[in-house]
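First chain A sits with chain B, and in the next complex the same chain sits with chain C.
Let's turn to the complex of A and B:
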């Protein structure tokens, strides 16, 4: 039990008739940076708030190490929350905000301001100790909120969309600081976000959620490289999700599964699915290549081919994004490195073929995991 | 031309406020004897106001002001808290808030008079206390005393405390309360360290309303005290009814000055511009 900082056992949350969190089980290893990722309303914030104690649990249990904290008040949980928009007390200075948790624990004024001072130094805001939150920039407020949450030395830090209120430049800078802080403290961070970029950049463990359920749990590489469901593939982005009907094949490398897609084209992939079944599969946009329809791709039998029309050709700096539409209105996006595109350009409305390797074709689960 | 928009009201204020005040200040220095007043510049009227009898009246007025303020705050703050933080839906909140204002659809006089059958010797309060065996015989202290004056003023003026506090509380982000609890604050800690400091401007504005209203009141005092209690406003009214205009005017000037001092003092603690 104790190698996990937070364990959720069949946790559900209902708001009236709405099931916001549906029987979630999750164990977060000690000292990990965990991102709860999903669209708004997927239940990620409810989970965070239930761990913090700001939301009642409808069913299930939450453990912090070996202690059942399911029904403890927030103050007794040894967790600390950093709120979206930071929730700094507007009438208190930066130093007073940071020292608030110590004040509530009855630490004497001198001692708590001393500790706040150390925190201010750590976050590089020593000169701002007497500033009110309204006089601080977004990034400075974020740091003060982080310091306020950390000063009581909690076991777990809960962060609710901590970077979403900031502009891109500050966001990337503070993202780095969060990561460094977490590694230095060796504390478990649970970070709620709707940005896949943020989750991939920060997390040791990504938990992708949709409609109150966990869709996939894994390292950023696992989630990005092998999306398990079509939801994860489309939410993580950079993936194409196609459907097809199994026509036959053993499903191993020698005799791959053969599928017919919506536009009548045949694809091959690895996996064991009975004939006649409808399946979904994903292909990463950077794993495919595009060439004019008449181009010679050789006799490489290792490739899947999809024919269509170049519907969008967008220059995006180091790469070019090309969307190919099939006759059955399936969309397939390919990222082509800038130099390769220059060597073999594709123009708008040109007939093209997209190719990718059979082993880069990921069969998706139809049912979400629990 | 934009001044045209403000001109009518400016005119109203000049004719019905500034001129009368100027007149009162002038008359307060006039000489008067035996129902006749003559233009002069004497301080006799002010000497009268600062005589021990009237100073006692002023003290009594302040006593009312402080008591009513205390009860209005003690009753009004929890009501505002309940409306802002305990009620979750805007619809119910607004319905309950409007309910609070319903008594204001009736005139002040009628609302004061309504207390008489309740507080009287044979009233509901005495009846209830007798029934519970808490008293042996009806008490006279409830009606036509300072008690009834304070009760009825609290009833009249508490809403003036509720509204500005409620207005302040509605602007408090609920995540601040959660942040305080997350940092270990108890229920009382949340109120003491977060809600009270953030609603202090509302409390100040409510205090200004209540104090100004109580200091200037004469109708409630007259009606509910039955002549058993005095206030500065009532003293002025009594002087006027016996046509002692110059001393009444001096009294009014002093009362006005005192009220302005109190309000001015309180305004130093609030940034009115921020609250509008």
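Let's turn to the complex of A and C:
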């Protein structure tokens, strides 16, 4: 038995001359909740549809456990897909929709409706068994679609933007239900989303994609805490991405790398990059602090400093968001906890300095992983 | 009360005139068909009777009304069936972009543009050329299909244009083979629209004249028979015939409306069951799901 439920081996998808998925390799551990995260057109849905068998693979192979399913029809794969618009059959009741997979397997009517009834009870929609999809709310439809996909007990459940059609309140509630159901069933879920919040909240494994390629694979903590590329840093949000040219330094803690940014200011970070090279680095918005330019920050040599003007000061409840613009029009956003801001306020257009620790400065890769 | 726009009465009058224009000629024919036994082909009415309706079924001199009607009715049913079956099949075929689809589509639609009488002539000439005897159920059927099939195709294209592909994908995903996908999912969803195709097929065939004119062979279809009568029948029986056929057409349309209504009612029965269920909303773990505004 393989320890991976789904393995993609150099999978590519071309639509005419458009390369939608570019040589993707990926292995998803059994029983994991995996989120494919990226902007629209990044290839995440194509990957899902290729795993389901609704899209031909141009190159490469897909394995379900030890079985090569690359060219099997959808019905022969032990996967089940939940569609973005749910695709509940409009002429069938909730119970008939749920029982459909069993009907196709030749399960007798009484037996399959019995099983559908159990599913309805599990999702709390027993009273709605005779309702047509048009008579259900968005959240109820989502549950019926989930029950319909799960009734055949697939090895892997594929979810295509399952929460995007719902409003915020229901979305957060159903998000919790999805997570609990996945843990209870111990089944591998592959969930396509463009919402970083959703991916971070749900996933054991986040796969960030852009332009048909994987940018980063890791736990939510890894992806959020240590974005590998500037794309990941900006897509995940809450990160500032700056560029600089390496001026020198060994790159270790005693002699950090020294960079000159676009506005001529010097930053230090850890990493080994040859002198003269242009690099990108990221700093989390909550890892930096802002103070008036004349404030005394002491003689802490462990800090990077960026000087600029407070261009935006936004109150956002438990925190205040401050955007600082440098003279070279670099933007740097800082989240300041409400109480700390109250103790040391900053006003609009004030000259300020932003400080953060050298070890909170993440050097970014210029090339995405394959 | 809401004030009516100043244009209301002029527009209402215009619409009234339009209705009069549409139904005026038919209403004169219907009125004159109730002419008294001594009455003639024009006004004034001399009494009021069902005399000419009875004459329609008794006398041979008005022509073979019953035979013509049965032929047209049967032909209409055959055309309807062929349109629904072939229309659905071609509609499905056109969803896959096959080689020459565009050309095939243009050629099919061109048959609507070519003058009907030429098509009729062409079919007639071809049958003679190949030594075949024109009959209403061979050459006649073919002529009708040149008219009705393109319409069926156009309607089917519109139906499938709106058809959500993910229904089929979901069915395949749940283990359905291609035949099951069609029978269990596609067909039930498009069924109400197929009633429209059927109605079109039947009515277009039932009153087709120009394309029928040269290919019906030995026996006339109803429109041809009526046309023949206008030249040799000089009694209000002709009007009675017009009334009967019009009533029949309306009955057919009413029947189709009834079928559509019944198909819709079938789905609404479930709605009724839900509405009567007072505990419905409480079944949810969180009542907020019930009113999330996504309908």
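Quick note on the criterion: the second predicted complex is superposed on the first by the 369 of 370 C-alpha atoms of A that agree within 3 Å, B and C clash if a C-alpha of one lies under 4 Å from a C-alpha of the other, contacts with A are read in each partner's own complex, and residues count from 1 in each chain.
The criterion applied here is as follows: a contact is a pair of C-beta atoms (placed from the backbone, for glycine too) under 8 Å apart; a residue touches a chain by one contact, two chains touch by 3 or more.
Source: prediction; values computed, not measured.
For the composite obtained by superposing both complexes on chain A, the positions of chain B and chain C are in clash. In the superposition on chain A, contact of A:261 is made with neither chain B nor chain C.
Of the two partner chains placed by superposition, only chain C is touched by A:127; chain B is not.
Judged by the touch definition given at the top, the superposed model places A:93 against chain C, while chain B stays out of reach. Look at A:38: by the touch rule set out above, it reaches neither chain B nor chain C. When both complexes are overlaid on chain A, the residue A:104 reaches chain B and chain C alike. Once the two complexes are laid over each other on the shared chain, residue contacts for A:251 go to neither chain B nor chain C.
Of the two partner chains placed around the shared chain by superposition, chain C is the only one that A:137 touches, whereas chain B remains out of contact. More residues of chain A are in touch with C than with the other of chain B and chain C.
On chain A, the surface touched by chain B in one complex and the surface touched by chain C in the other have residues 52, 54, 73-75, 80-81, 83-85, 87-91, 100-101, 103-105, 148-149, 152 in common. Across the complex, chain B is touched by residues 52, 54, 73-75, 80-81, 83-85, 87-91, 100-101, 103-105, 148-149, 152 of chain A.
If you check the complex, the residues on chain A that touch chain C are 52-54, 73-75, 79-81, 83-85, 87-91, 93, 100-101, 103-105, 124-128, 130-132, 135, 137-140, 148-149, 152, 165-167, 169-170, 173. Listing the residues of chain C that touch chain A in their complex gives 164, 166-167, 169-177, 180, 184-185, 188-189, 267, 270-271, 273-274, 277, 279-280, 282-286, 288-295. Residue ranges on chain B touching chain A, taken from their complex, read 173, 175-176, 178-186, 189, 193-194, 197-198.
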